[in-house]
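Common to both upcoming complexes is subunit A, partnered first by subunit B, then by subunit C.
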Partner chain A sequence: MKKTLLLLLPLILILIFPVLVKDSYFLNLGILVLYYTFLSQAWNILSGYSGQFSFGHAAFFGTGAYASTILLTGYGVSPWIGMFVGAFVSTLIGLFIGYLTFRYKLRGAYFALSTLAFAEILRIAVQNSDFFKKTMGIMIPLKQDPWMFQFESASSYYYTILIFAGFSIWLVYRIGRSRLGFNLAAIRENEDAARSLGVNIYKNKMIAMGLSAGLTALGGSFYAQYILFIDPPTTFGTEVSISILLPVIIGGVGTVLGPLVGSLITIPLGELTSALFGDFAGVHLMVYGLILVIVILFLPEGIVGWFQDRARKKEAGMNNGILKERG
Partner chain B sequence: MKKLFFLTMVLMLILSGCGGNNASSGSNTGGSASSSGNDAAKSSAEPSSAPKVAEVKIGGLYPLSGGLASEGQDMANAVQMAVDEVNAAGGIKSLGGAKVVLDKADSEGKPQKGVSEVQRLDRDGVVGILGTYASGVALPATQEAEKAKIPFVVDIAVVNEITERGFKYTFRIQPPAKIMANNFLSYISMLNDKSSVKLSTAVLAHEDSVFGSSIAALIKENAAKSGIKTLEDIPYPASTPDMSSVVNKIKSLNPDIVVTTGYLRDGTMLIKGLHDANVKPKSIIGVANGAFSNQQFITQQKDINQNIMDVNYTINPKSDLANQVKEKYKNQFQKDMSANAAYSYTAAQVLLDAIERAASADRDKIREALTQTDFSKHILPQSPIKFDATGQNVNAQAVLNQIFDGKSQVVFPDDYKTANPVYPMP
Partner chain C sequence: MSIGLIAQSFVDGILMGGIYGLVAIGLTLIFGVMKIINFAQGSLMMLGMYVTYWMFTLFGVNPYLSIPISALALFIVGSLIQKGILSRMLNAPEHNQLLVTLGIMLFLENMALALWSPDFRNVQVPGMVDTLHLGQININTPKLIAFLSAAGLSILLFWFLKNTMVGKAIRATSLERQGAALVGISTSKINMIAFGLGAALAAVAGSLINPFFYTSPTVGDTFILKGFVVVVLGGLGNFLGALVGGLIIGVSESLGGALLPGSLKEMVPYIIFIAVLLLKPNGLFGGKIR
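Our next item is the complex of A and B:
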């Protein structure tokens, strides 16, 4: 009873946030929190559950952003349709990367680096192609029409991304309780043991990769429609990949609520430090980075992961306040 | 292992964030918005003979951290200087001596951050915004300002589209890519006309982001009309560790002119590479080149930079006012005033002048005043600053500079020139 109330209260708060807050700056903050929740949740499906750390999700993000934008500016296709085309293309790209990396059993740092390289290849390809307007980037004309995915009020953007984020949380929750989720967790904990138990490693990783890539592309389309300007470094750049995985690492890798909790902390923290130390250039990023280092050092499981760990230990009756040492 | 991986990553993130030293301690009121846009609009709607506004807040959106931090901080400092000058002279007189407060915002050179900072400035009640240096930030930031109806005076940002979107609240001081490219072509024609030796073939070497690419594309498009044949267009990433392939290509093509757009580091590397490979084009001309107009390159690369030209925005070398401003800037910040800073200083003056003439802290009235701008007491090599219907400074122009013995001189147009051009290079 107490637990449901504890869960219900934040949920209601999230739902009525735009009603409570009229200020566009804070509303934008809310949108960013949900936007990063969605993106890092998409990353979580592949990297959190199966342990295959991708440093190249910008490849999918950029694909989504460019696909919906080019369909809109070049062919007048509504982003509501374009974003799913982008998701489809992105899934194919994800499966291709998966085919190359999983087939040849790249793991750990090798997998991470190859995804990173793939995102860079796409960035350079886009940057040198006339079709993608090279480095000029593409501007989406300001046309406040809901059918064109442009709203007059920020709260419409808020509720759109809220649905996205809610869906991703629900999806990860379902995956966690499905055969796929168990298989992925088995792969993460010990791939060889999982294989010996008859888990189809390749197939499960491919499904996770496809889902993760498609969802990330939707996030990219949302970004393009929200900022109304895209160019190669801000969609395919490494910084995009890092900002996608940061919240989930703070919140808790492989947990359902990790991305949400992580975004709720990192995004306002970034804004807070820049508001407090904005006068001293660079200091806010140092403070922000320092806080991240501290969290990663002392809560290697992330915040949600730490709470889950504690709860588990309590159940097992071995809660003596000492955290289990991990490698 | 995993932990180590993340730690390295986060550390990298931090390091990338602090590129540059501290900005001067700007005066910030910490969000005590005494003249928020809406309040001001209401108060000015009432007919009163002496409008009472205690302070007027303006925003300065610059990359204060990140890779462009050094330029961004120079620019923010220049704006602060212009604001301090107005305050020292009694504030905004038409508003009963209202003090001007500069609200600094850090775009970190990122579009998304630029947008959220415009929203923050809106909430803080600024009546106008200055910025942004990076074109990628300027495009979405001016769009956000347009939505919020905040006048935005762009000091530096090169891409044409900034003033080509039918926006009502966006104004730009700098000559855009189009004018830069046109200025270059007309200067080349002029040089060829005056010289007995006609140079006709060119190679364009430029950094491959929007900055270099947009200018190079415009030159390539119109070069034939000025009698210039473009042999090749060589883009390279600004972060490249090695220029030898660009140099080799130039060597094999053997053009009369090397036309180049880039930043300080890559521009210096290119000139060094050409020198080491003994490539001697008859002319090297930068267009908005970050190296050729940079004091560091001009004074420290004397043995290789003789007679290099640059078509660029700059400070008027013949104006006493400009020299005073430069002097003052150097005393205050222990640094030479860059052309970027000069443009920011001027943009701030233009905005403050508009506020003075609007006699109001209402954004729409200030916008209205900006459209009527006719500002001639400035430090730029151009006629009065006036905006056309798109918000572009109609008289904006780049001048032709040439480096002689570790000093950059203006060699064209005649009104601003301090030396005669040497063309082709001996």
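Our next item is the complex of A and C:
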């Protein structure tokens, strides 16, 4: 009873947040938190569950942003449709990257660096293409038509991204309890052992990659419609990839709530530091860097991971009378 | 497309390739000894560039004469980073090691941004003839000096690792950490020296390009990505591979610049990178410090 109440209260708070908070600054903050929850949850599906750390999710994000925007500005297609086209294209790109990297069993740093290289290749390609307006970027004309994925009120954006984020949390929760999730966890812990147990490594990694890529693209389309301007560095740049993975690392890789907790910490903190040190560009990213180092040094499994670990140890301690370190 | 232009870009590529090689040698040294891929290498290079820039701007020190100062400064910064942070990460999962150096990179880059603004800064070496003419080919003098120094420094490092006690200890640690510790090598000290040296090499590379390359907080980004490409190309932990890899990337990028429109040449190193990863993941020349 106490536990359900404890869970229900934050949920209600999240639901009525736009009613409680009328100030556009804080509403924007809420939108950003949910937006990063969604994106980092998408990253979590691939990198958290299967342990294949992608440093190049900007490739998928940018694909989503550009697909829906080009379809809208060039052909008048509603972003509600365009974002699924983007997700489809992005899934194909993800599967292509997966086909190359997983086939050849690139792991760890090799995989991370090759995803980064793929994102850079896409950025340079877009930057050099007339079709994508080169480095100028694309403005999305202001329409404020819900059918065109543009709302007059920020709270509509809030509820839209809330649905996205809620869906992603639900999905990751479900995956964690499915055969796919178990397979991916086995791959993460020990790929060779998983193979010997008959887990199809390649297929499972590909499914995770496709899902992760497609979802990330939806986030890219949302970004485009929220900011109404896209250009190569802000959609395909390395910073995009880093800011997608940061909340998960801080919250807890491979956990259901990690991305939410991580975003709840990093986004307001980033805003706070840029408000405090606004005159010095870069200070808030300095703080990000510092937090990243500290978290990895002292909470290598992130905040949620640390709590889970502690709870597990406590339980094990009560049952056996001994505290065992996890290998 | 004339033969002259191709020859010109070939020469330019070789000259730039030496610098890429120098950045990569630092990366490879660190990887060879600690098995850590250092994302912060580009930021260390950037710090070296600022040391040179400020020595020149504030005290009028000739950029080439400030190289020992930037090398020493970054050696200290590097060993402190190793001692304070990375020494705790030696047995951590690979992705956490990667992320920690990423955090250091974010910190250093944005510290530079906060301290010195995003402005691009230039250093002119007083009294230097900018261009030498070799038949039809023009050679940029600072680039030539950078290349020759990079080559000389690589040879020096090679000699150091082969012939000095510290160098031998570094190689031993790189080959077999526990074995090295068993025969009485203080591996934690060796790690500090190796990381310090890696940082110093990055700083030297930075100071050497200062006269022909702008200094800015994010200048390390392009070099770090190319550094990774070069290192993977040459085989992680392989010095000569890093040098040759640097030349290959330098030349292919430069030829790409002459042949491809716009900034598409930037794509060349990444395409080579992915091709190498897929075809020869151990690099063209195999791994391990030799």
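We adopt the following convention: the second predicted complex is superposed on the first by the 305 of 327 C-alpha atoms of A that agree within 3 Å, B and C clash if a C-alpha of one lies under 4 Å from a C-alpha of the other, contacts with A are read in each partner's own complex, and residues count from 1 in each chain.
Rule of thumb we're sticking to: contacts are C-beta pairs under 8 Å (C-beta built on N, C-alpha and C of every residue); 3 or more make two chains touch, one makes a residue touch a chain.
Keep in mind the model is a prediction, meaning the values are calculated, not measured.
Of the two partner chains placed by the overlay, neither subunit B nor subunit C lies in contact with A:Leu171. After overlaying the two complexes on the shared chain, residue contacts for A:Leu292 are found with subunit B and with subunit C alike. Of the two partner chains placed by the overlay, neither subunit B nor subunit C lies in contact with A:Leu92. Contacts of A:Gly282 after superposition: both subunit B and subunit C are touched. Shared-chain residue A:Met139: touches subunit B; no touch with subunit C.
When the two structures are aligned on the shared chain, A:Val77 is found in touch with neither subunit B nor subunit C.
Touch criterion met: A:Thr234 reaches subunit B, while subunit C stays clear of it. Once the two complexes are overlaid on the shared chain, A:Ile242 sits against subunit B and subunit C alike. Of the two partner chains, subunit B and subunit C are each touched by A:Gln127. In the superposition on chain A, the residues of subunit A contacting both subunit B and subunit C are 53, 108-109, 112, 127-128, 134, 242, 249, 280-286, 288-290, 292-293, 296-297, 300. By the touch criterion given at the top, residues 51, 53, 55, 100-101, 104, 106, 108-110, 112-114, 116-118, 120-121, 124-125, 127-128, 134, 238, 242, 249, 277, 280-286, 288-293, 296-297, 300 of subunit A touch subunit C in their complex.
Only residues 37, 85, 88-89, 92-96, 98-100, 102-114, 117-118, 217, 221, 225, 228-229, 232, 261-264, 266-267, 270-271, 273-274, 277-278, 281 of subunit C touch subunit A when the two sit together in their complex.
The part of subunit A that touches subunit B in the complex is made up of residues 23-25, 28-29, 32, 53, 108-109, 112, 127-128, 134-137, 139, 141-142, 223, 227-229, 231, 233-234, 239, 242, 249, 271, 274-275, 278-286, 288-290, 292-293, 296-297, 300, 327.
Only residues 1-3, 5-7, 9-11, 13-14, 17-20, 22-23, 25-26, 28, 31, 64-65, 69, 72-73, 104-106, 108, 110-112, 115-116, 119-120, 122-123, 136, 139-140, 143, 146-148, 159, 161, 165, 208-210, 213-214, 235 of subunit B touch subunit A when the two sit together in their complex.
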